[in-house]
Structures are given as structure tokens and as C-alpha cells.
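Can you read through this structure? Questions will come right after.
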Amino acid sequence: MDTARILSEIAEEVRPLVGHGRVADDIPPLADVPRDRFGMVVRTVGNEVFSVGDARERFSIQSIAKVFSLTLAMRLEGDAVWDRVGREPSGTAFNSLVQLEVEHGIPRNPFINAGALVVLDAVLSHQQHGQDLVLDFVRRASANPSVGYDVSVAGAERATGHRNRALAHFLKSFGNLKNDPDRVLDAYFLLCSISMSCAELAAAFQYLATGGISSDGEEMATARQVKRVNAVMLTCGVYDEAGDYAYRVGLPAKSGVGGGVVAVMPGRFVATVWSPCLSEKGNSLAGTMALELLTTKTALSIF
Amino acid sequence: MDTARILSEIAEEVRPLVGHGRVADDIPPLADVPRDRFGMVVRTVGNEVFSVGDARERFSIQSIAKVFSLTLAMRLEGDAVWDRVGREPSGTAFNSLVQLEVEHGIPRNPFINAGALVVLDAVLSHQQHGQDLVLDFVRRASANPSVGYDVSVAGAERATGHRNRALAHFLKSFGNLKNDPDRVLDAYFLLCSISMSCAELAAAFQYLATGGISSDGEEMATARQVKRVNAVMLTCGVYDEAGDYAYRVGLPAKSGVGGGVVAVMPGRFVATVWSPCLSEKGNSLAGTMALELLTTKTALSIF
Amino acid sequence: MDTARILSEIAEEVRPLVGHGRVADDIPPLADVPRDRFGMVVRTVGNEVFSVGDARERFSIQSIAKVFSLTLAMRLEGDAVWDRVGREPSGTAFNSLVQLEVEHGIPRNPFINAGALVVLDAVLSHQQHGQDLVLDFVRRASANPSVGYDVSVAGAERATGHRNRALAHFLKSFGNLKNDPDRVLDAYFLLCSISMSCAELAAAFQYLATGGISSDGEEMATARQVKRVNAVMLTCGVYDEAGDYAYRVGLPAKSGVGGGVVAVMPGRFVATVWSPCLSEKGNSLAGTMALELLTTKTALSIF
Amino acid sequence: MDTARILSEIAEEVRPLVGHGRVADDIPPLADVPRDRFGMVVRTVGNEVFSVGDARERFSIQSIAKVFSLTLAMRLEGDAVWDRVGREPSGTAFNSLVQLEVEHGIPRNPFINAGALVVLDAVLSHQQHGQDLVLDFVRRASANPSVGYDVSVAGAERATGHRNRALAHFLKSFGNLKNDPDRVLDAYFLLCSISMSCAELAAAFQYLATGGISSDGEEMATARQVKRVNAVMLTCGVYDEAGDYAYRVGLPAKSGVGGGVVAVMPGRFVATVWSPCLSEKGNSLAGTMALELLTTKTALSIF
């Protein structure tokens, strides 16, 4: 397989889609990102890296960061994390609040916002004295101490995040936040503001393709935990498009409203892609097509 | 890997669970099935067959049959089948009817009852003069002309299936059934009544592990179709337990209320298991545990 | 109060609205009704009758008939009828099916279709040998043996009523229909097809303004039952517009998709109005305005 | 009608119910109220006052106060208030949040918590420099400057009101709060903490029975506004029990979780009742029974 050539072909074939769709304009700094960007990286478990386009430009990883906090919470709390959050797909978007109410404050899964708040609340209970466990995890996973928050993005989300604020208070009313809602929200807005490039993300998520070992040789999670994070990504990682993603792409994936997507072929590679314009469901339009082309052209998928 | 030994261990380890849970007592003939049955088969793509327990006793495959009708509909209609049915997980159980209403008669996926009725309606539009396309497909896939319906089961479901009758009329009210609701219902009750053993099922589903080729060498579906059927099974195959199944078992699977489950490891094997007592979510209790043990002991899963 | 003059004024003032809105075009014979009709009757408890416009032209009373069957069921079964149907407003339209499912087959109230099916099922359990208790009740209430069904309307609804058919089977699946669904549906389609004029309806509903006594002096219900039927009309009588009707009109009322509305001022009068074009919520557009003008001009309402 | 005797009978007949049910134990000061209290007042439009039991003991009026703020908002904003809040019953309890989401932040009616927050937000836009328009309105309506807040109750609700906090942020996310959520919440918790006796409440709500005139002769609202407030109370005033209340009591009413209820017979009287133990739906158990007995014994109801 000539991966370099395949990436070139993909970049060519998705070009007509780049710039189409909407950007996440409810968060002002994200609305200003140039719409014409497209970058993609494939990084094999043997540390070969193939890239195309804007693969070294940093963007706001947004919900992709929830994979890091989930992995960390599983390390810190083991299976106890599942007492407070489910791992089932969320069904149609409008149901999330119903479900939270019907299911008495237990979010359906760790990747919807309510679930991510609960997972982060679990991590915060282990975090003291100004340390920042999630950011530290990301830096170690990527062997890259320069990864950090974009405080202008975090600030913008803090100013406009009324719905997330509502979710946090709702969770608190059910007793499913241990920390003060404002503390959890501040950490959440920072988490989502992490800024990384496709190349950096591919390095950081190496552990999901290798059974837990980072590109630097550090054990970020056990093989059993990795298998399970991948399973949760497959069923819950791309908002309400899980079924369609599995059908078209056929890989566990996690997307963010900044236009990034990470996909994992266990035992083989991590693929990352970034293009800021989104489908109606909130996933990168060109990015999704690029991943579909990747599994089609390589004939590699988990199915 | 010593598959025979692993199956023996599994049979031993799940024994305490066998007989626990409920049987599908709303369908009288199913309520009479002995509760203590357990059988399991692993059939590799090389046609090696390993089995344990009641692997040759026939049972009512129920919803497992929906995989056959979906494959057939994809062959007959191509992607057009997705105009009439989605491929997203159904969320919480109680939502299925809401979703059908909110989404104007388009069922969420082909494995919930409403979706299976639509898929069967598509097949019936190609079926004439007493031929029975789905049963014919099953017989060819399994190279076994003796597979057939259990008319006592079909009759019992026809007598008590008020909810399925409601669904069919509801779909008709949205214009999403082309045939007469009674014709579709009759075919549906027959489809669910198909009776097969674990060994027969493993042979019949060989095509999902081989990229489309039956144990007899016949092409039952294209590689692309197989990949997609497996993806839909992973996200929608086990009722509201898709996330939990992916997390624990890590294989595409389809279950039925008769207590059977089929799981696929693409390129490697098909595993079938049967034990009639069900979890609260409607999946075989001992069967699910057996599949979880299989992927744990073999360290093989798609993740 | 010069009622005759008030009715003339009302007819004048609503004229610009007459013919605007949609007719119930899913039932073919109703779609053919001339859109320009408007008739209104006020009938006092002293049997004075004031009318304007097309007050003597018959139309399909549709859901208005559910008031007759509810009154009759309360006579036949007493408070036991409320074991099988609630008396709470239905909330937003799309919830009716959810609620039926969440509330295990107990319809929210006797005026939504599911509730009317259950009420009619209760009446049918008392009905034998070809007698027709509801039609008999209507004829006695209106002292008018010529009132009857419009079989062409009933036939059209039978042919297209897939959603009602779905509801009946759904109720049966919960055990909340005692008779065969098809028998209940046939009776339901006939019930809704009853054809009466504003003048005939005003006579028939006299008993709701008089504490139970028909225009002919017969006791159709007890004072206590009448008070309660009026209460249910106020909270549940006009589909999802109960709050708005109470706010604007301020009288218990029941509407039908044929464009008729009956309103009751207890101790004073019955008002009936007909104009076939409907608001988005399914109530006669000009009819609702006419009733609002009536309570404004007479300064009479229950509030 | 011998009202004094009727009240004595009622007090006697409801005695077995007094103390049964639950108190609103999620608000600590309310949980400490003696469970055995029962008081009732009937105040006619001619200013005759009849009372029985603990009619002069103050209690926390809670949601009853929403009638004052709604009346005031209608005075201040006219019909514009209905652009931001509906007037339809809320359906089943669990739907309130769904509806808020489905209906894009427009609460169903002004008496559910979300609606009361929006109404109060409207009032607050007219309120400056430390004045307190709602409290001022209550004092004038009741001709009683001693009416005030119970700051211990307000403080307890502020500490535990996570769900109301969630609602306020959710409304803000839809742009349906103009003021800062924390300002609206503070005013809301104070509003609900108003402390009054049955006798004081009956005086304060005199204007709803007289077409707008307070016991002191002041015009609190127009006749048209009063008619409409009464209509909204009838359809939306008693949580999810509107239909049952209309059926059993037959009067517009508003209840609070402190165990108080106000009912209005337009043109005749105001009845107030207090008994702290609640039904499952959140309305005073003995209070509801007392009102049902009142309309039964006097044969007076709006139906």
C-alpha cells in the first residue's frame, strides 16, 4: 500500500467539498478559522508518518479531548466511572435532555456534553494544587510539552456556554456532580480549547492503535482499557452519526466541532484529519469523506 | 489458540448463569423451551467447526433472521433501501415510537421491528408466485435445504402480535409500506419463526466473515455489502445494548428473543451461541457472557 | 342582550376569515365541502333559538360525537370508565403516542383518538343484537330520529385510517381494548361520520347547559355527570389548543375536523358554529373567532 | 347557603386526610412545618369572610405567587408577554424539559417553573433602584404592608435550587431571558418565599373574583385581564393535575408546594385553603379534598 499516494489522491478528491458546510459560529474564535483548510495524517504503529495538506496547523480539538479525559478517568477510577455514566449511543439529538431526566441524571455516554462533564468531575476529584491531570496526560501521550489551552477559545465558551451551564446544574440537581458546577465548567471549557495539529493528534492517540503504548513508549492505558475506549468511540464518538460513520468509514472515531476527527485502526494506524466546515450533524464534512476514502482505498476497516 | 479447549472453559464458566433470567414468555411456544440449554459454535473462515453443548438443537432464531432479509434487500435494491430506513442506533427503548413519529415514518434502523417490516416490505415487492426469497436465501447461505419455518411459532406471534400490527399500520399511515400491512405481517411472523441450530447458523452466516462467500462457495453479497451489514450489526444489532456489547464483546452481533446470538470476527470466524434465558434488555444472558469470554480468552476483537 | 343582533355582527366580522385555512383533506368527502360556509346557533336553556348563516346545513360532526359517547359511557359504567382513560390535557401533539407508551396504554383523555377508542370499547361491551347505543343517545338528546351516519364518510375513513388502526392495535397490545380492534374501529368510523346541522347540534347538547335535561325534557345525564363532562371539554376538548381556547373563548367546547364547534355556558346557553376551514391546530378558524366574539360581546364566560 | 356551617363540615370531613402525604422536604424550612395544620377561608365579593382552622397562620405561598407576577407582567407588557411564554397545559411532568427544547425555549405556560422565570424576567426589566414591583403589588392587592419574604426559605431554595438554575441557563441559551440568570433566580427564590395566611391570601386575590378590583377598591387588573388569568389558572394552575382538578373541583385554582391553594368562583368568592401534606402530584391533599367538598356542598362551580 502506497500510503503517501493514497493521501494525495484523497486530498485531490475531497477538494470540492472543502469550504462547504458551516463552521461552529456560536464560538467566535472558531468562526474566524479560514474555511479552506484541509490536513490529514496517517501514523502507523511502526511510527511511520504520512501527511498531506495543512497537517501541521493547529486547530481547536474541542470534543476530541473527551477521549483523553475518559482514558484518564478509567485509569483513575476503573470501572467505577460507569456507575455515573452509560455507554449507549444517544439516539436523536433532542433526546439528550429527556434521557438525562428519564434516566435520573445518568448521561447516556461519556462523549455527550453531560457525560463529559461527569467524567471530568471524576478526574477533578483527583486533581489538586494547580496540577492539571488531563493536560499532563495529553502532553505525555504526545511526547509534546508545548501542547496547551487556547484561552481565548475557553473564554468565549465560558461567556456563551449557557447550555453547558444548564447541564452542569441539572447534573448537580441529581447529585451526579461531586465538585462545584462552576469548577467543572471552567475545567470543561479549558479542556475543549486544547489546540493541536493533525500531526500532534496522531502522535497523541498512538496509544489507541498499539494497545496502550505511546509513541514515546509509555503505557497510557492497559490493552483492555484501549479496547474499550475504541468500542465507546465506535458507538458514541461522532454525535448522532454513529451508525452512518460505522457504515461508511468503519473505524472507531471521535470528532470535534473545530473540524478535527481522529480515527483508529487497531493494530495498524491512527488517522487524523482536519477541515473546519461541518455537516449538519456537526462532523467535518471533508474530513468524513477523507476517512471514507481512506478505508475504501486501503480496504482496511474493522468490519 | 486451542479453540476446542476455550469453548470447554467457556461452557464451564457460564454454567452458573444458564437458566437465570426470563424467557420470551409472550410467545407461548418459546415459553416452553427448556431453560437449561446452552450451545456454542465457532466456525472459522477455513471451515473448521468447534462446538460445545447443545450446538445441534434447533431453536427459534427470531430477530437474527433480520440479517438475512437486510442482506437480501441490499442485493435487490442497493442503497435505495436506505431511503426508507435509517442506520442509527435506536436510543432508549421507549423512544422507538416517538422516533417513528418525529422522523415521519422512517424507522431508525433495519433491526428494530419497524425497520425490519420496511426491509421485508422491500423484499416482498420482488417476490411473486409463492416463491419465498428470504427462506431461499437462508437455505443457500447455509447449504441446507432442510431449514424452514416453525408454523406453530409463527401462528402464536400472529395471534398476539398487536404491537407489530400497530407498527405496520403506523408505517402504512406514513406511506412507508408498499404492500398490504397484513401481507407484510404474515411474512414477518414467518421470518421470525425460522428454526435453526447453532451449527446451522454458523454455516449460514459464514458469508459475513469471508467478505461475502458462503460455506458452499456461493457469493451471497459483495465485500462492500458485507462490511456494511457488519457495521449495522455492531451499532444496532443487540437492541438497546449496542454500546455495552461493543464494550464487553467487541464484535458485530445480532441477537434474537429465542436466546440465540450470532457474532462475527471479519476475516477470522463466526461464533454462534444459544441459551434461552434473557437479560432485561432481551439478549441471551449466558450467551452474552460466553461471547465476552471468547473475545477475552482469544484476545480477538475488532477493537 | 340582543342575541340576534350580536349573531349578525359576528357573522359580519368573521366573514374575512371564512374560507381561509385548510380543510380536512385527508378524508376525501370532507375535502369536497364548500369552503365558504359559516353558520352559528345560540340556544338558551329556555329553548330560545337564535341563528345566522348556514345554520341548517348538515356537516360531518367528527370528534364532536365523542362527547355523546363519553356521556353515555359515564352513564353505563360510572367512574369505572376512568380506570381505563385519564382526564388530563394531552400536551403537544407529538406526545400522544409517547404518552400512550409511557403510561402503559392508558390514553391521556377521552377526546384524543386513543381515548375515544377506549370509551367506545366500553360502550360496545353493553351493545348487542344490532342496536346502536350512541346513535340512539344522539337521537333522543336531539329529539330527532332523522340524525344518522354518513356512510360515505365512514367508508373513506375506514379506507385511509391507518393511524387509528395503529392506535387500536397498540391499545389491544396493552390489554386496554376488550372488543376486537376491527369492531371498535368500525364503530369509531361510523361515530365520527354522524351528520348534523348547527341547529340540530344545539338541541342535542341542550343537556350540557341544563344540568342534564334534554330539550325534550328527558334526563340524559345527572347534574354531576354534566358538570364533569363540561370540565373535561374545557381542559381537553379542542386538541392542543385548550389553554388558548380557555383564554380567548372562556367556555367548555368541543371541536371536530369537519369544522364544527360546540360551546357551553352552563345555566345559560349552548352555542354551535360551523365553518369548514381549520386552523393549524385543527379547529375551525372562523368558528373559534365567532365564539371569541360571542363571549366578548355578551361579556359572558365561565371566568 | 350557610357558609360557616359548610366550612365546619368540611374541616370535619377532611380531618382524616390531614397529615397524610408528603411535605416538600427538599426545601429544609418547609420540611419543618407541622404536618397537622389545616385552615380555610371563603371570602365573598361582598367582603364577607368565613374561616375555619388555622386560617390566620402564615405559610410559604410558593408557586401561588406566580399568579401575582403574571398579573403584573400582563399589566406591564400587555399581550407581548405571550410572545415569550405559551398558555397550554404542560402534559406529563417529565416532558417539561423536552418541550422547552422542542419548542426552542418557549415555556408551555407561565406557571411551570421555566415560564415563571420568563414572566419574572419581564417584570424585572421594569424594576429599578431597589424597588420590588411584585411585592409592592401583593401588598396593595391585600391592603397589607406587612406581607413580606421569608429569607430563610429563599436562602434554602437558593442553596438547593440546582434544577431551577439549570432552567434559567437553558432559557438564557435560547435567548429567552433578558436579565442575568442569577438576578432572575434571586428574584424567583424571593418571590416563592412570600409568607401569607389563608385570610391574607383571600384578601389579596379578591381582584380575581371581582373583575379586577381589590378589597380596598383599587383596580389591580382590567376585567379582560382577570378573565384571562382565571382561564390560565384553570388549565395550568395545579401542575399535572389540571384535568382532575377541573373535574373534581371545577374552579380555577393555583397551588403551591407549601400546601396552599387559591380557588376563584368569578363573581362570587375566593376560597383559600392550607394544609402542608401533598399528593403525589404536589398539590395539598386535604386542601384539594376541601375544595371539592366546597363546590359539591354549595353546588357552585364554573361548570
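The first chain written gets the first letter, and so on, giving A, B, C and D; residue counts start at 1 in each chain.
To be clear about the criterion, a contact is a pair of C-beta atoms (placed from the backbone, for glycine too) under 8 Å apart; a residue touches a chain by one contact, two chains touch by 3 or more.
Computed from a prediction, not measured in an experiment: that's the story for all the values here.
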{"item": "Intersection of the contact lists for chain B and chain C", "value": "none"}
{"item": "Label of the chain whose CA centroid is most distant from the centroid of chain D", "value": "B"}
{"item": "Equivalent-chain rotation between chain B and chain A, CA atoms, steps of 5 degrees", "value": "180"}
{"item": "Rounded Å distance between chain C and chain D, as computed from the means of their C-alpha atoms", "value": "32"}
{"item": "Euclidean distance of C-alpha centroids - chain B vs chain D, Å", "value": "55"}
{"item": "Set of chain C residues in contact with two or more other chains", "value": "94, 102"}
{"item": "Complex contacts: residues of chain A adjacent to chain D", "value": "94, 97-98, 101-102, 162-163, 165-170, 172-173, 181"}
{"item": "Residue ranges of chain D in contact with chain C within the complex", "value": "86-92, 94-95, 99, 102-103, 108-109, 226-228, 230-232, 234-236, 240-244, 246-247, 250, 252, 266, 301-303"}
